[in-house]
């Protein structure tokens, strides 16, 4: 099956269709809405299901082989975040705050995207390594912490620089603008790590690991069989929110729109190739790529609004949810799957780049 | 029943600024307040659709006049620039001034 | 099985029993309540499930044969609405506003009633045509639009008439009363069509049609197997709300109480017979009858409160939810099922009326 | 900190009248307001049980005195007859009058 | 538009005291009020986490000055000792005094 | 399997692990929270499931043999409540109000504890008598009514006594303090009996009895198969709330902490033995013991706050939820199961106490 066919068949799955439906409902100004309590609960549920699943898998397969992929993921995530910053600041001419906020939004991971990825693989009859759920959990705060650390550094430098010029008490005006950036890193660190997404994910991984397949039996119907149905319901709401923001995309500008499509593609494909090189399975490589390709639109605002309040949430939420998310789940996922299929049928890492050049470029 | 005049400070702001406000209150040794989630519209557009983090919250604080000015000043200085926020002060009468 | 037996066995299904339980809970002033978020979510879920189911069926059976039943349903719905108005205004002596509001409440359809009907048929091991979900969607706004159009016409006429008498500036008093009725029809039309019920229903039909049985597999547990359980939970809340309104039934009066029982019976039986004549299946004829018999108690207030604010919601909500809904699902559904069974075992439409006369009257 | 006196208009009404109110505000060029759902009791009976459409909503609008009278008049004229509704006006002090 | 001065009594208390308050209002022949759930902090600690029964509620009552004193007195006497509760009174203007 | 092993294997079930996880999440001050609507809905759902299950069982087995266990349960519950009061007032030196409130909190039953017990038995492959759900319903108000009745008696006596001394109008101060206690018993009785827990439980028992196994088929997936998954979600929230209260345990004091562990153990074991003597099955005896061991932490505050407002809820909620509940489901449940297993393998009631002495003491 070639990429276009795969994109098309992916497009016609309930998950994607209900997402598009949500967008349409918002565009025609329908009053359709998933009640807040449900749409707040669903990500918790999805992460619990992902975690349990991952934990049970890890119990079956061990987690010694998790270390290298995790470290590589962290390394890539940090590298990508720095890369994003340079591109946004230099080429995109965004201010420091927006640049760092956007850089970390795209360096971070999206749990909903991950859920959709798992469902996509299930649909293709392909499995993935359980420890990817653990990488998801660990990757969450990494990009934020880097971005916040660098923002604070930059701001402190600026304050010092400005103080040299004024050396008066009248610097209050400057300080007002940058006050917020002086958030203590430790506090943000705590907030990130105790954020509900990470906590439920890590907790469920541990519990999944402890209970294993046997202990899971009694809750399997809720935490496994209902999974895709629950995503579908959540996708309606995601579609509605994305649809409500479509007008904001104009404000996002052409540069960021391009960034929101090209960057994930680049990060994701690198991810698939690196994962394949590390020996991950076909499905595992796709999920690894998706982790790096995805942008955060639920966790990001909660962290960034406190840590970099000067950054405009309309930029980072809109581009992550309104552009990158649909692109990732509709277009990039099939692309990465095709690439992963190709490099996994090859005879090993030596032929890797041959294949890519031959089939993809 | 004898009533005593005090001030009620009401802050309507985006939910992610609630922590900052309560921090400021705490710094001024105020631990009594009431909060609830609201929707709203203003300079920063419609709020209350979409993610819960994009809702507003109202924070209401009964306090004596003495502390009011400092608190209003600190909120204005640190939050007005970057957050969707509105605040106002009203005169109210209470039974037990010692509580505030 | 004769009608009484069928009514009795229907009465003893979880759906009906939990509805009655809800009424009792409300009457003894229990604080039992399904949280708002859940009872707001359930109709969305039910409509999505109905839509998906209908769409999948239509994919299997095609939808060419849908056109005539749909047009007939629209025609009957309009006729019935006009008929209701005449009865309410002439015989019932209701004012114009209440008459139009009630007429369209009973001309419109009830999605919850439809859900219960589907479950009833499932219980009887009988299926129905998938396109009935589409008729449900299309029928929703029809009666409202007619009623609102006619209300506006009447009100405009009255204004003109009164202006002739006064021709002064002092008509403000009259205008206050009728201001609300001048709602632009186009606005109500938009509101009706983009109302959440229609949007989720139509969207799900289309999605069901696209994904078919295969694509439905992964979400079947949520959108099919849990269906009756979900209705049961919703029926508790419907029972509670109906129970809370029982006191209001006194205010409704004898005339409207009789109307709320006789009219659906009449409309429903006509529906069953016409559907049978059009060639619908046993179950399809029952659902067609139920569409025409049902009254709207969720969508109606939202539309009518804006379009005809002068009408008393306590009248139309109470009679639709407190009288017609229980009557429909407990008594009329078995009656229509029996009639449909009789006319479907006949040798065709020629013998149709014979059977009815013989067995029913 | 200097505070300026403005008016706070509070409208408590059935949720289905919210649209009408915001329409009226818009016609008077007011785009800032805060809303939240409430329960209540009054001449039209207990509200907040049953369907969501039968709840109440509070709409709060900070505005300058100039516009107040017209808006109150229009709401009274168009909505008092047919909807469950109550409104009141209070005096409040704000920091940035230019916002309202 | 002519406005008339009346009083607004606002009570913030734990949700389980709502019944008592509405009972007191009823005893003073007041049937109009507005309620909504809120979170809060005060002498009895943070409220609004945990079970729903541990939330707070605000009860707002528009009333004429005549009844105010008795009601405030009865609430203070019967509820202040055992419940998390705060109340205050403000001046407001309404259109239809006959409603209250 | 000995007790320790059983405790350990119980500890590693999803229900217990997610409860512990919730506690940890609260302790590290995570913002994880199950939305209010969900955690308000879950107890209603759990009770409906318990009731349906019990009703269906009773239809299979009849309910003639329910009378004696129920009367014995009521009797024991009253006895225990009085016993608690004496211990708390005499030994614990609590004031009258706190003593009665605590006595009835521990005399009452916990529906969540009961749910966990049912899941525990399911996990052990052991069933229990359906009528225990009915005993759960009947037992709910018993202890409250006794405690409230006695509180009112005491308070009335005090008022009279004090009036003798003062015989002036200046008793307002005293009256302020005790006003609340004069709640009419009939009102509390009504509130208790129409409380949502009892109403949904009794209603579901009746419905379960009426519909039987057959009628249950269509809703079995929701009300049976999803049961344990739903408990797991609820246990996260229970863990979070318990975790938030852990600091309050200091305020509870050593005496009450000991009481919160010893009393349930005593009550529970008595319960198991008495139930066995009455001929209940292995599982039934465990559930009977659990009923008597459990303390109420959802229904209690709602009733006691009105009936005995002078009592401190921080005492009775914290000890019931923070100490007794985890102790009961983690430690006592396996203990009671072991005891019940031992006494049920015995040759009957004659050897009963022999076994206990030999194996347990």
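Chains: A, B, C, D, E and F, in written order; residue numbering restarts at 1 for each.
Criterion: a residue touches a chain if its C-beta (ideal position, glycine included) is under 8 Å from a C-beta of that chain, and two chains touch if they have at least 3 such contacts.
Note that the structure is predicted; figures quoted are calculated from it, not measured.
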Least step count from chain B to chain F, where 1 means the two chains touch: 2
For chain D and chain F, chains touching each: C, E
Pair with more cross-chain C-beta pairs in contact, given A-B and C-F: C-F
Distance from the mean Cα position of chain F to that of chain A, given in whole angstrom: 44
Distance from chain F to chain E - Cα centre to Cα centre, in angstrom: 34
Distance between the centres, which are taken as Cα means, of chain E and chain A, whole angstrom: 47
Where chain F touches two or more other chains at once, by residue number: 35-38, 40, 221
In chain B, residues with contacts to at least two other chains: 36, 90-91
Which pairs of chains touch, using the document's own definition: A-B, A-C, A-F, B-D, B-E, C-D, C-F, D-E, E-F
Chain B residues touching chain A - in the complex, by the definition given at the top: 14, 16-17, 19-20, 49-54, 77-78, 81-83
Interfacial residue positions of chain A with respect to chain C in the complex: 12-14, 17-18, 21, 24-25, 28-38, 119, 122-123, 221, 225-226, 228-230, 232-233, 236
Footprint of chain E on chain D - complex, ascending: 10, 12, 36-43, 48, 56, 58, 69, 72-73, 76, 80, 86-91
Complex interface listing, chain C residues touching chain D: 36, 40, 172, 176-177, 179-180, 241, 244-245, 298, 301-302, 305-306, 309-310, 313, 317
Touch list for chain B against partner chain E, complex: 1, 3, 6, 8, 31-36, 62, 90-96, 99
